[in-house]
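As written, the chain order gives the labels A, B, C and D, with residue 1 at the start of each chain.
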Amino acid sequence: MRIDLNCDLGESFGHYRVGDDDAMLGIVTSANVACGVHAGDPVVMRQTAALAASNGVAIGAHPGYPDLQGFGRRILQLDAATLEAYVIYQLGALSAFTRVAGKPLVHVKPHGALYNLAATDAGTATAVARAVAAFDPALVVVTLPGSQLSLAARGLGLRVAHEGFADRAYRKDGTLVPRNVPGAIIHDPDVAARRAIQMVAEGTATTLEGETIPLRIDTLCVHGDTPGAVQIAAGLRARLEAAGVAIAPLTETSAA
Amino acid sequence: MRIDLNCDLGESFGHYRVGDDDAMLGIVTSANVACGVHAGDPVVMRQTAALAASNGVAIGAHPGYPDLQGFGRRILQLDAATLEAYVIYQLGALSAFTRVAGKPLVHVKPHGALYNLAATDAGTATAVARAVAAFDPALVVVTLPGSQLSLAARGLGLRVAHEGFADRAYRKDGTLVPRNVPGAIIHDPDVAARRAIQMVAEGTATTLEGETIPLRIDTLCVHGDTPGAVQIAAGLRARLEAAGVAIAPLTETSAA
Amino acid sequence: MRIDLNCDLGESFGHYRVGDDDAMLGIVTSANVACGVHAGDPVVMRQTAALAASNGVAIGAHPGYPDLQGFGRRILQLDAATLEAYVIYQLGALSAFTRVAGKPLVHVKPHGALYNLAATDAGTATAVARAVAAFDPALVVVTLPGSQLSLAARGLGLRVAHEGFADRAYRKDGTLVPRNVPGAIIHDPDVAARRAIQMVAEGTATTLEGETIPLRIDTLCVHGDTPGAVQIAAGLRARLEAAGVAIAPLTETSAA
Amino acid sequence: MRIDLNCDLGESFGHYRVGDDDAMLGIVTSANVACGVHAGDPVVMRQTAALAASNGVAIGAHPGYPDLQGFGRRILQLDAATLEAYVIYQLGALSAFTRVAGKPLVHVKPHGALYNLAATDAGTATAVARAVAAFDPALVVVTLPGSQLSLAARGLGLRVAHEGFADRAYRKDGTLVPRNVPGAIIHDPDVAARRAIQMVAEGTATTLEGETIPLRIDTLCVHGDTPGAVQIAAGLRARLEAAGVAIAPLTETSAA
């Protein structure tokens, strides 16, 4: 039993600071690093890549919509060719800093609105997958199990890592319960840890209605910028390890 | 006798179009492609790299200050580490598109205010050279002969290509006469072509005052966005070839 | 019989130039000036406002989505409060330059994707109308006849000017035939002029299918950045005047 | 004895939050609100203006260089006309929100690198002063005593409020000791408060070398985004009031 822990990092911008990247890099095994478009800037990217490298954390790109003001959380209506070019741009920009840090770029996880739309919209998913395939077909695409992006990436021969959320409720079809639905967010770290262990150990999740569904995941998303994020993440890791789950980056997991 | 002809290209942005890149890519042998920071955007970068590749034109990065409104022509006071990170970022972003186009990134020529400041300011020159060395020490740095950037790049073991301007007057010390000085700009294409041939064939230039100075260059800058640019560039190339000068990219010239 | 001629102007940005604003300001009676968000910058805004003022052309704001790369032609998913604030911001920024030019801000015409979405989406229309009402309830809102923005603006007690397009085909319900439908764009200036005169003189339009529908308009949109724009606009104005139509800004038309 | 307390506010941007504006607006009497260029965005500007209005705090514009990544703390080489237009733009944008909040725009205090350069460089000072005079000659310009901006603003007939810093050491000529000089920053709130009272009550300051120099000020700068900012500001206000100093906005002080 092994799992990757991934976290969005490098989302500070100039004077503006978010998250405790230093602490999170001591806990997780994969860093999704913002690419200077929805968040991050060249200085932050360089520092984050270097810090991840020195912590032995695998580095991935976290491309988003070109909308700093909206932090990449608002959909911007892009045609497929434009979106593809934007993603290639971000992969290239971040890979410069992994290269300078002496490490490979390992994975790609879209950010925010792009993550969500690529999960449900085939056109968006295809544009993202095509960008990855064009830039480097060895990269691992991180997305929801059963998502359009999972299909599109596999269709192009890319490796895919499926992501689970310990602190989010699931619906019967394996999708996440929207945040505004009561019960969508699991606030109790113990409950979240038990759910994570269930996903990893049994390959299942319990839905909001109490049903057990299959849910095979390769990586667990850990939040880095919410109140108490570091403690929650450290607690989750400790509970997983206590349950006999090895924490290891994607390259060492079988699923990717 | 051989020389490279380089031109700044890919400087359109979204709806805004500048230059006739298509025509210029049929004339020059090296393209300095904007990196989406002072000009260019991901779609333009991809198209420009692909077009250069299909024309057999060597592709270089044309990094600039993060100032789209000023087109990279205004100095922005950056500390060395920040400037270095900005240049790495731009090298990475553009290299993604050369990679997708199936071609190597060959050279780096800073843009506008960064070009000028890196020529005269040792700190700026060092930051640019360090960025290139950190990203890819095989890249050729394009700059003025005798410039601070030439010194800094060589000091870090980088290859340097020295650039000449057929349509600009020189001072005794080999620097360019500032644009606002009468006689600084040579408007007659025949005179400019003769000056280019003199640089290439004899390794000298004639100053504004009429003196002959040594000026060894590896590449000639050709403008792509001025009125009549395409005709002037084509004429210069024809005159050089008629004088027995081979036009070839930097990788094939001895000096680089 | 009188009509206002309006044109989008001030859409240059820094080094990037579009349109022949100088010539267009000699033809139209209302200028929709970009506000530095989807296009335009402070220098361009100041120059455009000053030039419009000296030509006796009424000045309006042309707010758009914060998306320079997309020239405001891509929908950005904004919540109502955010959109309202963006529009207020742009009204204020432009009004600074009308104030400096010694002229009032007269009207507001949303740009591109915001124009289109405000015409059909009630939430977007309400946000735009609320921004105008909050900033200055004396401003005239320019939009399509029968649009959601027309309804929303009138609902808040704002004055509305309805806009017609001489070079666009109409559907039976008074909406525009989408650009990608054959026959949607009228390329013959004579036909366009006749259609304009029909709208102004008879208050009707002929649909793509040949039916006559009522279409009462207060202003005609004239393009400033298409090939031959200046000649087409001048020709339209001449033909309207030859047909006895007075060309006058919105403030002097009855409908506003 | 009366003094204004001013604070830079509204410097959050989208997802990025800085400062506790809510708390600071309960302490200060003037708010310098960022204008969406070096910091702030339309939503933040609207909220800040509304919050200041409801707290009875006078609202001023805090224009800066167009450099979000550098938070306006890096000099951008702008010609005078461009800088003037940028400042007018920002005054207009912010005034839209004071208008919507039902309050007047009272003052202008340049931000960061623009504040510093306008204090020492006559060209920059003149451009800022000209922008204010063109937009609204009733605005109060906030700057250092004896600065170029003070001279330029008075020269154009503008009202000027001179600003003091309780937590900064002064040199004999009345300028601030640069931050990197030992002793430049006064960390002890009691010492800072005594220095503030000295400035207000006696119109003098004690230099780093111990000399007493004249220093007449109209407003004291209070920081809103440093650790412990709210407590320090509240303590300063309490100490000033305990010393018999009335805290009142600029419009009610004699000096402005």
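We take it that a residue touches a chain if its C-beta (ideal position, glycine included) is under 8 Å from a C-beta of that chain, and two chains touch if they have at least 3 such contacts.
Nothing here was measured: the structure is a model prediction, and the numbers come from that model.
**Student:** Suppose you list every residue number at the chain B-chain C interface; are over half of them used by both chains (same) or under half (different)?
**Tutor:** Same residues, largely: of all residue numbers at this interface, over half are found in both copies.
**Student:** With chain centres taken as the means of their Cα atoms, state the distance from chain A to chain B in Å.
**Tutor:** 40
**Student:** Please compute the C-alpha centroid of chain A, do the same for chain D, then give the distance between them in whole Å.
**Tutor:** Chain A and chain D have C-alpha centres separated by 42 Å.
**Student:** If a residue has to touch 2 or more other chains to count, which residues of chain A qualify?
**Tutor:** In chain A, the residues touching two or more other chains are 41, 69-70.
**Student:** Name the graph shape formed by the protein chains and their touching pairs; answer line, ring, star, complete or other.
**Tutor:** complete
**Student:** Could you please specify the touching residues of chain D with respect to chain C in the complex?
**Tutor:** Chain D residues touching chain C: 36, 41-43, 45-46, 81-82, 85-86, 88-97, 99-100, 134-136.
**Student:** Touching chain D in the complex: which residues of chain A?
**Tutor:** Going through chain A, the ones touching chain D are 13-16, 18, 39, 41, 68-71, 73.
**Student:** Spell out the residues on chain A that touch chain C in their complex, using ranges where they run on.
**Tutor:** 66-67, 69-70, 74-78, 113
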